[in-house]
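Look for chain A in each of the two complexes below; its partner is chain B in the first and chain C in the second.
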Partner chain A sequence: MSGTTTSPTTGTAGTTSTTTTAHPVLALEGLSVEVSRTGQSLLRDVSLTVAPGEIVGLVGESGSGKSMTSLAVMGVLPDGIAVTGGRVLVDGADATGTARRSVAHRFAMIFQNPKDSLNPLMRVGDQIARMVRLHQADGPGADRKAARAEAERLLGRVHITDPARVARAYPHQLSGGMCQRVMIAMALACRPALLIADEPTTALDVTVQAQILALIAELADETGCGVLLITHDLGVVAELCDRVAVLYRGDLVETTGVVELFESPQHEYTRYLVTAGEEAGHGAA
Partner chain B sequence: MTATDTATTTPPTTTSPTSTADAARARTRRPRPFLWVGLGILGVLVVVGVVGPFLVADPLAVEPSAALQAPSAAHWFGTDFYGRDVLARAVHAIRLDLMLGVSVALLAMVVGSALGVVSGYLGGRVDDVIMRCVDVLMSFPGFVLAMILLLAIGESVPKLALALAVAAVPPFVRLVRAEALAQRELEYVDGARVSGAGWARIAFGHMLPNSLRPAAVQFTLVCGYSILNVAGLAYLGIGIHAPTPEWGVMVAEGAQNMLTGQWWTAFFPGLLIAVTVMGLHFVGDDLGGDR
Partner chain C sequence: MTRYVLRRLGISALTVLGLVLVVFLVTRILPGDAAAARLGPEASADDIAALRASYGLDDPLLVQLKDYLVRLAQGDLGQAVSTGRDVGTELFARLPATIELALAALLVAVVIGVPVGVLAAAHRGRTADAVGRVYAVLGSSMAPFWLGLLLIFGLFSTARLLPGPIGRLPVGTPPPPDVTGMYVLDALLAGDPATAGQAVRYLVLPALTLGIGASAAVVKMVRSALIATAGTGYVRTARAFGVAPRTVLWRDQMRNAMLQILTSLGLVFSFLLGGNVIVEQLFSWPGMGRLAYDAVRANDLEILQGYAIVIGILYIALNVLIDLAYGLIDPRIRLGGARA
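Moving on, here comes the complex of A and B:
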C-alpha cells in the first residue's frame, strides 16, 4: 500500500524501460516478513538478485521460508502475513507493497502440483489463450482466433506432440508432466522477465522431472528470462542453477555459485545440507 | 474409480493423453439406470404438463350430478365432491407444481451458491457474518419459516416461491462454502491471484463452477421438497387456495372423502406428488453418487 511505482522512483534509475538489462529483473533488499498478529518472524533480512537469463536456486528445508519468499515477491501473501521490512525491486524499481497487478505482467509462476494448478473445468488451450489475451494484447492476443493459434504454438514449444488435440483436453485427461508443460506454456504466454518455479518437479517422477528441468533451462536460454527455482532437492540445483541461495529458518545463510556450494560450502547449515544430500544419494545407490 | 485404476496401470506417457481419455470415455458408458428412470419420469410429466391441458376436461367445471364417481372409462381418476374430473385437475396442476419446485430451487441455488462461494473464498469477518445469518435461518424448521414468511408478506404464487426459497437457502450456502474451502487451497486459485485477477473474478469465475457439484445434487432434492412443501402448505390452507387445481389442494379436499370411501379424490394427486418427488430424487442420487 505504501509505494507507488509505475515509474522508477529512485534517483539512480533515470533510465527508461528499454534498458532493463542494466538492472537485475528481481532484487530483494533486506526483505522481512512477519505474522502480523503474533509478530512471529518468517523471513529476516533476505537479500537476493536474479539477473536476466540467470537461474537462481533457493534451497532450504521444509518451513525455511522458501515459498513465503516467492509469495512475498508476487504480492500474494496469505491474510495476516505481511512484509515488515526491506524492498522488492523489479527492474530496479521499488515494487514493495504495490498491488500484485503491477508486477503480474513481469512475472510468471509455476507451482508444485501441476494437476491442481489448472482450472479443472476449462480446456487447457483456453487457459493458455486467456493468458495470451491478457499479456499479448498488442500481438496475437488481440483476437480470439489468433490467441487460440498462439496457445497451440506454445504447446508445441514445450514439446507437446499433437498440440491441437491437447489444447482441447481438460486437465484431468492429462498426466502430471503434461500439466506442468501446460503450466510452462501459460507462463511463456505471459512473456515474463522472471519465472518463479515453486518446487516445479516435486510431484513428478524422476524421468519426467528431468524433462521438465531441461525444458525450463532451454526456455530460460531462449527467452532470456530469469528463473527463481525454489526446491529442496540439491540434485536439481546441481543440474540447473547458476547460483544458489540457502535459506535456514527465515535467514539467508549463504548465496554462492553452484560449484562453490558443493566444493566449499561456507555455512555450517549448507555443509549439513550437502552432506545429507550425499548420504541420501549413497543410500539410494 | 476406473479412471484412476487405468491411469496407474498404464505406463506414464508424457506425450499423449490417450490412456486417461479412454478411461474417461469408459466411465461415461457405465449404465446409470436411476438417472434415466428419473429423467424419464420428469420428461413424461413435462410433456403431459404442456400437452395435457388441451386434451382433458375443464378442471373447474362443476357438475353436481356427477359427484364422487369412481374411476371409469369416462373419468379415469374419478370425480370429486363437486363433480370435477380429478384427472383434468391433476393434469392442470402439473405445470404449477413443477414450476414452483424448479423456481424455488433455482432461486435458492443462485442466492445460496453466491453467498457460499464468497463466504468460503474471503473467509474472516465476511464468512462469520454470512454463516451466522445462515445459522439463524437454520434454527427455524424450513416449513414453519416459509409459513411465517408467507403470512407476513402476503399470499401469491411468486411470494410463495420466494418464501420457500428463503427457507431452502442455508444448505446451499453450507455445501458450496465447504467445497469452496477445499478449492481455495488448490494452486489454480493462487495462479489466478498471481496473474492479477480480483476476488470477484476468482470467486465467481474460477471457484464457483468448480464448487457447484454438491449444489446441483441439492437442487434436485430441493425441487422435490418444494413440491411437497407447496402441497403441505396448500393442505393447511396457506399459499395456494381452492379451487385452483394443485395437488396439495386436491389432497386436502379429498381427505374428507377418504373417510367415506371415495379414496380416488386424494389418492391420485398424492400419487403424482410421490412419483414426481421420487423422479427428482433418482436424478439427485445419481448425480451425487460416487463415480
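Moving on, here comes the complex of A and C:
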C-alpha cells in the first residue's frame, strides 16, 4: 500500500538508478477479481509490491489464485473474468483497465510449459526478433537485420552456446529447458521492468530447474528488473526470493521476508505449507 | 521431407488400388446383366450369352479382375454400354468443365467463408459471431437446387444481370482453343478477353449455387479452428508480450489454424467435384456429373464405374497435395523430430 507520494516517472527508459528510489515497478492495491457471470470471487483485496531488482515469490496451492493474479497484472484475463476492485500500479501510475496496452511494454512473462508457449511454426530467432522489433523500435528493432542480430545476442545472454544455430531452430527441435531460455531471451527483448515467471521450472528436469532459476536471479541482478515468481514450490522460494506472499483461496494471508517465512510462519496455512514442504523434502531424501 | 513425400505417395497408390477393387466388386455384385440390358428385352438367350462371352463376363472373377486391372493400367476404362463410346474419352472430355466449376465454387466459398469465419471467431459471442453462425446454418440447410432456382429467378429472369442456365457459353460462340479445357483460362491464354468474360458470366450462377452452400461449411470450420488456437500457449504469450490482437489473429492463430483449414478445404473441394450432379443438371453444365446422371438413367454401369474411379482418384490426388502442403507449412512435419 505504498507509492502514493510523488508523480509517476514516465518513459525514462534505461535510467535504472532513478527507479530504485521512486516507485515499486508493480504495486497491487486491493485487487479483486471475479467471474463476471456468477460473481464467484477469485481474488479478494490482494495488495503486493515488487521493487526494481527484487524477487518476490507468490506461493499457494493450485486454485489459490496465483496465476489469476499474474494474468490480471498482464491484462490478459480469460473471457468472462474481470477485475472488480482495486488498482494495478505500474511505476506508480494507474494501469488498471484501459491503460493496459502501454503497460505491456514494461512487463514480460514466462510460463510453465515453455514449449507450448512458443509458436510452433516460427523459428525461435524470428520469435525473439519480433519482440525486439515491437519493444525496441528506437534501437535494433527499427531494422529487420539488426533485430535478428539482437535476437542472437540475447540467446547468447541466456547462456545458449550456439546462438546462431538455435535461432534457426523451431521449438519442437529444442528441449524444454532450451525453450525456457528462449522465452527468457524473448522477455529480455522487451527490456522489462518486471518479469512475471509463472511456475517457470515446474515442467523441467531438476538439474535444468536449477540452471533456469540461477539464470533468472542473474538477469534480475544485472538488469535491475523486478521479478514476480509464482510457484507452489517452497524450495524454489527459499533459493531465489527476497520476499514471499502467500495466497490461500483468493486471499493474501501473509507477506514476509523469505527467512521469516521459514523461521516464524504467521498464518496457519503458511505453517502448513512449510511443514508439508519439509516432510516432502525428507521423504525425497 | 523426401521420406514423408514417398510415404504419402506409396500410401495413396495403395488407396487407389483399394478403390479400384471396391468399385470392381460392387459393379460385379450388383444385380442386373449388362449384356441383357444392352441387347434389350427381345434378345435371345444365345445372343446374350455370346455378348457375355465377348465381354469376358463368363470368366472367373479373378480372371475378370486381372483383365480389368490390365486394361485400367493402359488407361482403358471400357466402353459405354448405352452408347458404345469409350468411357475414358467421354469422362475426360467433361472433366475440365467440372473442375472449372468446382474451382470457381471453391473461390466463392473461400472469399465468403474465410472473412466471415475470421470475424465470427474474433468477435466470439458477440453480434458478428451470431450473424456468422446464422449464415452458416442457413447456407448449409439450403438445398442447392432450390438456391440455384432462386438465383436463376433473381439474377437472370428478373434482374437480367447474368445469362440463363444454358451451359458454358452463349449459343453460337465457339469455345476457345483447347489447352486445359477450362474456358476462362483457355480464352485468356488465347488472348481473347471477350470470350473469357462471357465464360465468367456463364460460370457465376452455378458457382454461386455450389459455393454458397460450401461457404457455410468454410465459415464453421474457420471459426472453430481459430477458436481452438485462441486458448493455446503461444497465443497467450503473444498477447502477454503486447503483440496487437489483430497481429496475433493473423500471424499466430491463422497460420496455425491453416493446417486444419486446409484439410477441410480439401474435403470441401472433393465435395464440389463429386457432389455437383444436380447443379450441373440444373445449369446444363456439360461436366462429369451430368454424364453420370445420364448414365444412371440409362443403367450404364460402365460409365458409372469409370466415374467412380476418376472421382476417387481425384480425391486421393487432392489429399496427397494437401499432405504435401502440410509439410510446407509445418516444420514439425518437414523436419521431423530432428534436434537442431
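Note that in this section the second predicted complex is superposed on the first by the 262 of 285 C-alpha atoms of A that agree within 3 Å, B and C clash if a C-alpha of one lies under 4 Å from a C-alpha of the other, contacts with A are read in each partner's own complex, and residues count from 1 in each chain.
Definition applied: contacts are C-beta pairs under 8 Å (C-beta built on N, C-alpha and C of every residue); 3 or more make two chains touch, one makes a residue touch a chain.
Predicted model only: the values in this text are computed from it and were never measured.
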| item | value |
| --- | --- |
| Room on chain A for both chain B and chain C (clash or fit) | clash |
| Chain B or chain C, by number of chain A residues touched | B |
| Touched partner set for A:118, first chain B, second chain C, both or neither | both |
| Partner chain in contact with A:160 - chain B first, chain C second, else both or neither | first |
| First, second, both or neither for A:205, with chain B first and chain C second | first |
| Partner chain in contact with A:177 - chain B first, chain C second, else both or neither | first |
| Which of chain B and chain C A:134 touches, first, second, both or neither | both |
| Contacts of A:190 with chain B and chain C, given as first, second, both or neither | both |
| Touched partner set for A:76, first chain B, second chain C, both or neither | both |
| Chain C-contacting residues of chain A that also contact chain B | 74, 76, 79, 101, 104-105, 107-109, 111, 113, 116-121, 131, 134, 165-166, 169, 172-174, 186, 190 |
| Complex interface listing, chain A residues touching chain B | 74, 76, 79, 100-101, 104-105, 107-109, 111-113, 116-121, 131, 134, 160-162, 165-166, 169, 172-175, 177-178, 181, 186, 190, 205, 207-208, 211 |
| Residue ranges of chain A touching chain C (in the complex, touch as defined) | 74, 76, 79, 101, 104-105, 107-109, 111, 113, 116-121, 130-131, 134-135, 165-166, 168-170, 172-174, 183, 186, 190 |
| Contacting residues of chain C [partner chain A, same complex] | 124-125, 232-234, 236-243, 252, 255-256, 329-332, 335, 337-340 |
| List of chain B residues in touch with chain A within their complex | 3, 7, 12-17, 20-21, 24, 123-124, 186-188, 190-196, 206, 209-210 |
